[in-house]
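Below, chain A partners chain B and then partners chain C, in two separate complexes.
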Partner chain A sequence: MTVERMNEMKEQTFTITAETGVHARPATLLVNKAGQFESEIEIGYNDKKVNLKSIMGVMSLGIPKGAQITVSADGSDEEAALAGVTEIIKEHLGE
Partner chain B sequence: MPTVRTKDLLDNFNLKLIAGEEGLHREITTSDISRPGIEMTGFFQFYPSERLQLIGRTEMAYFLELDEDKRRDRVRRLFTDITPGIVITRGMDVPNEMIEAANDAGVPILQSPRKTTRVISRLTNYLEIKFAPSTAIHGVLVDVYGVGVLITGQSGVGKSETALELVKRGHRLVADDSVEIRQEDYDTLIGNSPPLIEHLLEIRGVGIINIMTLFGAGSVLSSKKISFIIHLEIWDKMKQYDRLGLDEDTLKIMDVHIPKATIPVRPGRNLAVIIEVAAMNFRLKKMGVNAAEEFSERLSEMIEQEKEDME
Partner chain C sequence: MSYNELAKEIIELVGGKENVSSVSHCITRLRFHLKDEGKANTEALNNHDGVVTVRQSAGQYQVVIGNHVPNVYQAVVEEGGFEAQKQQNTEETEEKKGLFNKFVDIISNIFIPILPLLMATGIIKGFNSLFVALGWMETTSGTYQLLNAIGDGFFTFLPIFLGYTAMKKFGGTPFLGMAIAAALVHPSLAGIAEGETIKTLFSGTIFESPVQITFLGIPVILMSYTSSVVPIIFATFFASKVERKFQAIIPTVVKSFIVPFLTLLIIVPITFLVIGPIATWIAQSIGAGVSAIYDFAPIVAGIVIGGFWQVFVIFGVHWGLIPIYYNNLAVQGSDMLIAMTFAASFAQIGAVLGVWLTTKNKKLKRLSFPAFISGLFGVSEPAIYGITLPLKRPFIISCIASAVGGAIIAVTGAALYSAGPLGILKIPTFIHPEQGITTGFWGMLISIVVAFVLAFVLTLFFGGVNRKDKGVTVVDEENKDQTDENPVIAHATETAQAENIVSPLNGEIIPLAEVPDQVFASEAMGKGIGINPADGQVKSPVNGIITTIFNTKHAIGITSDQGAEILIHIGIDTVQLDGKHFTAHINQGDQIKVGDLLVEFDVDAIKKAGYPVITPIIVTNSNAYGDIELTASKQVNQGDLLLITKK
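Entry: the complex of A and B
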């Protein structure tokens, strides 16, 4: 039996302002942060969604400056997870 | 620092003692070697009397040109209380004045059949190794595909077990548990095993095993240059490990900085394979192929392309 949990999922949208886009180093910071939480965290760009805990996955999106991205967290610590990731994004990548 | 005496040179090189046997116990305190050419002319202001002195064909030819008074004067000032020895090269005959002075002052004269430059380089090499700064480190030194890999980490993290697995895969053990390291030149570290535990490995639950008798002469190596350090530590969830390989961490041993990678240990991780790959990747980087940097460039191009498409 699958339980529909859509309404419980936390989601937030950001715009990337960093000149290099989501390059290797900022991607590492994001992934390391996401790895500290239990929740499932995903990053979406252009219809593609990948696990934010997978570094190769995140980098494979090739997110440039000016892109709109969505970060979603689902799980027991989803609020803390989203807050943690938001902090990294605001500090290194965008708004 | 080990003590080197003139006698050690006699034992280790093809030298013949001509005179001054009394001084064989003299200590050599520096690896520098002097050729007293200028001193032969009577200029002794900067004479480094504490060094080993080497007299080659040039110095000897000049000496023989001098009149007897001058010869006596020169040898008296050359053969001092602290001069550890005089080496005469090319098997040249030693003039009587020198033999007398050597016996009076107790400075050994050693005769070598070889050419001066050859003797200088061999003696310098020998003395530099003897005087090289050295230290000992807790770890395991293994030759992996020709790369000297020093495995460090806390007791019980699995260094010896990893070394055993590497030996089984055809790599070579240099030292287990304690690695003696000496610095040669300013940028090279050479590791070897303390003589007592050479070829031995201690595996918990099995005991001490002899790698050479178990796996053959090809599985051990007496010394190896240390090129790469792999630090093993129990996986710490909160610690961030290198994910990309773009940054190079180093560890300083004596005056030398050695590239270092920290590998988290978790049950089920095959450390031997990871170390093999790390060693190969290290060689590849030395040859100019850097996968992490190439990837980073590819990513830059892709992001640039995306950006253009967006505009």
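Entry: the complex of A and C
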């Protein structure tokens, strides 16, 4: 079941300012936050997109300082999901 | 307590079925979405004998049941009438898909895991007959016999492999599917089918069926199940249902052997009693039908038999025509019936070539070459099951092209004058033994060229090779690979299996809770264990793929072949070292085996820089497992058992 719902998806772009990029610890924070929501949440960097609910997935992106990342959420609680993830990013990783 | 009683109580304790918006399950848990979690009696559930514990997270109310959760889920769905809900949501797509597409999807899906083998053995078969045709080998030679066994063994016992993949697809126990298939292809039964007839049923009709044996007095109409595809799909489909029923009613203590015991005893005889006759009668009807059409109008017969030949082959009913073929050869010295199917494999490879040249999908491209080569020698299974059928349209196109080819053969009167090899090697059998090259021979050449070119061109223009919505598993997986999600990660959680993870380091065991970093100690990343390394060498703990190696080289992510996601995080806060004192021996995406050297690090230098070298080893997808057992040793060496993931 793949239903195109591009128009409804919420997306936001961030710049990573944290010195060490998105390594194990911040990845865990992000993933744990994302896991609290119903929506499908994805993180994209360098033309690659992964599920933000998988630690391995997020770490596989190897996001360094200065990276432009996009976070998208799609689902019933997409706005809350994006807000929650934004909060973690602002607090620990960038803007 | 039965599953139904347990299900009833669980539903009641989560606040009644009115409180449930939806329910799903993973490996050990029922995952409810409740309208109001406050209405659930968490304490009573926690104390319930049938429930391990309750977790509330991610907006889900998770009731941890254990390994038998699928049975409980089934019962919960029945008790609560939840499935009706679920079906409503999916009804639209199911309807759209239609029976044909569903069937094709099932066949394509169960072939995916064995495609590489199909290609390999197909090529071996093809070259083997090429070598004979070139006169390099005699069919009586040991070399031929052995190569033939290698190439043909897999094809002959194909149902056993499909028994595994089909049973898995239907949610049953894969080995049970294999056991059913093994019974179907057992050599002694194949021998009996060719042996003495004890009676003949329906004699004088087209359903005339020789019977060689009876089962508890019921006559068994045997067919050849070797190399067949469809019978085992039906058998495993029903076996999975029967198995599930038994799972639910048989007490847990004796379940492990009673369930397969009864399932086998029911499904195998029923398959023999039901599938055998049906397939036999369909095959005979096809044989009689096609002969009748041929007498009436050869060109129509050519179109029908050419067009449907590959479909007959998939259903295993093509052999209804084989006796007619042998009879024709024996009586008339020539056969025009099977001759009309000759274009079919050329149409297949024409379509494969079309896919090969147009697909943007690397995996399909890789599969196309061996499929083409073996198809050239008449072994068309790799082309059908690996390429054209999953894509659907190229398969239909190749049937159309083959129908045109069949018509040409029928019109020009091409005939086979001896039984022989397949594919291009069969061409000489169209030469008339006395008259040599006849009009029919040219007709046959035109037919295969037309079928090939037509299938190729139509596939180029109408094959829909790069369509987005084709719902092809082969293609979908690969597309993910290329673009967004890494399939290894995406599917790991669903496919996670029990496995042993060995120690990547030499050193002293530190319980995770004592690792001096809250993120690890709290199990926020998942369950695992810490090691205080004695030396600076990290070797792979599993066979798998390097999912991530940080540019700072201090953390290695591995996805094992069995689906475990393992993070080896060398030292604490060592991200700050920015790669200093670390040497990586692998790159992201590398395939690794247990014991491969991954990273070296300088223990003393890292300590001197002020960072602990304690290395947490975490299974980051711990949620996919029922339990993860930790080693009891205080000291481990590389290769010692460290963690066991359990379903």
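As a working rule, the second predicted complex is superposed on the first by the 92 of 95 C-alpha atoms of A that agree within 3 Å, B and C clash if a C-alpha of one lies under 4 Å from a C-alpha of the other, contacts with A are read in each partner's own complex, and residues count from 1 in each chain.
Rule of thumb we're sticking to: contacts are C-beta pairs under 8 Å (C-beta built on N, C-alpha and C of every residue); 3 or more make two chains touch, one makes a residue touch a chain.
Treat the numbers as computed from the prediction; the structure is a model and nothing was measured.
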item	value
Fit-or-clash call for chain B and chain C when the two complexes are aligned on chain A	clash
Contacts of A:T20 with chain B and chain C, given as first, second, both or neither	both
Contacts of A:K10 with chain B and chain C, given as first, second, both or neither	neither
Touched chain A residues, chain B compared with chain C	C
First, second, both or neither for A:I55, with chain B first and chain C second	both
First, second, both or neither for A:E38, with chain B first and chain C second	second
Partner chain in contact with A:A67 - chain B first, chain C second, else both or neither	first
Touched partner set for A:T28, first chain B, second chain C, both or neither	both
On chain A, the residue positions that both chain B and chain C contact, one per complex	20, 23-25, 28, 32, 36, 55, 59, 62, 64
Contact set on chain A toward chain C in their complex	1-2, 20, 23-25, 28, 32, 35-38, 42, 44, 48-51, 54-57, 59-62, 64, 77
Chain B contact footprint on chain A (complex, rising order)	20-25, 28, 31-32, 36, 55, 59, 62-67
Contacting residues of chain C [partner chain A, same complex]	57-59, 90, 93, 469, 483-486, 489-490, 492-493, 517, 519, 524-526, 547-552, 555, 557, 559, 565, 567, 569, 575-576, 578, 588, 620-621
Residue numbers on chain B that touch chain A, as the complex places them	237-238, 240, 243-244, 246, 295-296, 299-300, 302-307, 310-311
